[in-house]
Amino acid sequence: MKLNLEHVNKTIKKALVLDDVTMTLEGGHIYGLKGPNGSGKTMLMRVMAGLIRPTSGRVCVDGRQLGRDMDFPPSVGLLLENPSFLPNHTGLKNLELLAGIQHRVTSVNIRQTLQDVGLNPDDPRTFRKYSLGMKQRLGIAAAIMEQPDLILVDEPTNALDDNGIQQICTLLRRERDRGALLILSCHDASILEDLSDEIFHIYDGKVERRTIS
Amino acid sequence: MNWLKLLQHDLRYGLIRWRYLLIFLLFVLPCITCYSDVQLANVPGTWMDYMLYCFKGSVPITSSPEISLALPIFWIMAVAGSLLLNLDYFLSDLTQAGQQIIIRSKTRRGWYLSKCAWNLCSCIVYMVLVCASVLLFTLLSGGDVSLQSTPGVMEIHFSELTVEPTLLSGLPGLIVVVFMPLVTLMALNMLQMAVCLLVRPIIGFLISIAILVLCVYCNVPFVLGNGAMAIRSALLVPDGISPGFAALTAVAILLASAILGSWRFQHTDILGLEE
Amino acid sequence: MKTGLKAELWKALHNPMFYAALILGCLISSINVVENLITAEQIKSIIFAEDHTGSQSPWGFSLFLLWMPVNGASYGRYLFYLVWPVLAAMPFGWSYLQERRGGLFNQLVSRMGRKSYYVTKYIAVFISGGLVVAVPVLLNLLVNATFCPYVLPNILNMLRISDGYFLSELYFTVPWAYALIWCGVDFLLGGAAAGLCFVAGTRLRLQVMTILTPFALLLVVDAVCTALRSRFGWNVELSPLQLATAVPNYFNPEWVVGSACLILAFVGFGIGYWQVVHHELA
């Protein structure tokens, strides 16, 4: 998996939210996005996921351009902002529902993923009754359960306890070792530096510099 | 295959919803009003009488400023009910849990077409429930489950007409009270869905309502909604609107909305909750 | 409480949705102005054609016959008086849901208490909702006044208002006062309808559905009133949706209009109070 962004600009209501972003990202790596609030990290992830079309520039996945050759990356897992699921279903049911669209994983895999993120697959509680941390764990499970080639996770450690953070870090490393391309944003600098192979520093929608961990 | 899965998801989670049962409560109201007329006519009343009353509509408002005419509230309520139900699911799926589904759908067009198909099915379910609720009321009020309209009741219901309305029965009756409202609902909902991609959803809804009020004024088949008013149908009054022409107009608007919406969705930024 | 109210009012009257609702309301009411302009042109041509020299205005051409709330044949009037609950809820009716979802609710409640929070919020919702309904009606009167003559209406050319209608005597004697009072009535009804957004509480997840709640409720109430009227043969208009216009199809005596405003406000405030102040899970 190779993701190329070439001179990507995005303007929303006359405000430039992404300014000439160019980067090349390869599978088997974790890339971190670092920057202050409102710097454009989430917007950049949305562009990479195909949810937002760049105003100018190109986003290519393995040489195929998003928006022209395809609408979304062929294999992508996503956790953006607050995870949102059907409120009246259990975590397992929600994941089965999502998995049912592509049929890439079995129920056994889903149950295993839930256990990996620290959730009980047989928990009878509905998503509505989940705590903030549980919702976050379920969001991560949704992002990784189908073993996608591209994983975009925005603030994955939000609302998680220390144990949860360790679990998620281990999982994300495991995905990297599998060969997936991970893009991660996190306000906790130590976690970001610990996990990332490379970090992009973003200010006002512009990639100012990159550092290699 | 993927698209069928998407559609299956939309049908399952977009149609099996408790709020559809509100239709039963909603349509009891026009039925109660109709029941008074039925009693006045001193006849049992039929399913067709009640359905005709629900989708009666109104004669065009062309009076002078000094005379005020009432809007056909039951008719507007019947149409607006479907618009509200469909708007809720479409937007929820666009902005909330649906984002996970959109990226798994592979294509934006596929996702939108699945929503179009769901929209059509939702209108069918709405209409089936309307028919069922009216049927239930007919049975409970001691009426006849018949497709034949009653002369006495028709006389009271359509008293504002200057000509005597044709008695409806069988297929023509079903065209007036089921098929035409259904096609109109489908077209209006599809239009609303497409407009919501262009402007704020609330404006999209207001545009739909503006069309409904406009058709109360303009007695032409091009204005969506006219075909769904029984009182203006050529099957009921000699100079009425041809159902075939009105249906064709509705289908044309439906298709145009689906194409426009699908094209627009290709370029829509999918942001978070109602951003 | 005073500071909280100031802040809420500022939020309510300085947000894009308030301006959008106000502009939308004025646009809809301007349809009525355009219709009246066409009427005025037609009447002018009749005057010239017939060499009209009388001091009286031609039949039916008066500001107080063509003004939106009393004009029975205007598309603008029908549209405005159907969607006014949506307009009323647009400026700020959604704010409670948004603050609950965004977490601002907890911040504010911990500082000012649930009761104060709710009362200030309700007042802000009420005033913003009332303004977006009343201002287009008032502007419509003023704009129409620029080309429609100020002619006292009489019972020969205003058939819809008679004994039993809201301040009918005042309408035929001091129509300006009547018009201003009617703007006040629309303000109260708009405010009370906007308060119905609290009925939805946090049960609805979408902002747009919260905004549409008063419209849906008033539409159903209208249908209930119609059903009851036909069942019992009442000739009094009870539906708040219809009462916003000065000439509903049935009598709208002062006590009915006043009661409708009060009941609507009481229901919105009461259910909202129960949900926000008493019900933890609201």
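First chain written, first letter: the chains are A, B and C, and each begins at residue 1.
One rule holds in what follows: a contact is a pair of C-beta atoms (placed from the backbone, for glycine too) under 8 Å apart; a residue touches a chain by one contact, two chains touch by 3 or more.
Everything numeric here is computed off the predicted structure, so don't read it as measured data.
Participant: Going by C-alpha centres, which chain would you call the most central?
Facilitator: Ranked by how close its C-alpha centre lies to the overall one, first comes B.
Participant: Taking each chain's centre as the mean of its Cα atoms, which chain lies farthest from chain A?
Facilitator: Computed centres place C farthest from chain A.
Participant: Measure off the straight-line distance from the CA centroid of chain B to the CA centroid of chain C, and report it in whole Å.
Facilitator: Spacing between the chain centres: roughly 27 Å.
Participant: Centroid from C-alpha atoms only, then distance chain A to chain C, rounded to Å. What do you get?
Facilitator: 47
Participant: Between chain A and chain B, what distance separates the C-alpha centroids? Give it in angstrom.
Facilitator: 41
Participant: Can you list every residue of chain A that touches 2 or more other chains, as numbers and ranges?
Facilitator: none
Participant: Could you list the positions in chain C whose residues touch two or more of the other chains?
Facilitator: Residues of chain C touching two or more partner chains: there are none.
Participant: If you look at chain B, which of its residues touch at least two other chains?
Facilitator: Only 96, 273 qualify.
Participant: Mind pulling up the chain C residues that touch chain B in the complex?
Facilitator: 20, 24, 39, 60, 65-66, 70-75, 78-79, 82-83, 86, 90, 101, 157-160, 204-209, 211-212, 216, 219-220, 222-224, 226-227, 230-231, 241-242, 245, 247-249
Participant: Chain A touches which residues of chain B in the complex?
Facilitator: Interface residues on the chain B side: 2, 5-6, 8-9, 13, 96-97, 99-109, 266-267, 269-273.
Participant: What residues of chain B sit close enough to touch chain C in their complex?
Facilitator: 26, 29-30, 32-33, 35-37, 61-71, 73-74, 76-77, 80, 84, 87-88, 91-92, 95-96, 200-203, 205-206, 209-210, 213-214, 216-217, 273-274
Participant: Write out the stretch or stretches of chain A touching chain B in their complex.
Facilitator: It comes out as residues 12, 46, 49-53, 70-72, 74, 76, 78, 80-81, 84-86, 94, 97-98, 100-103, 142.
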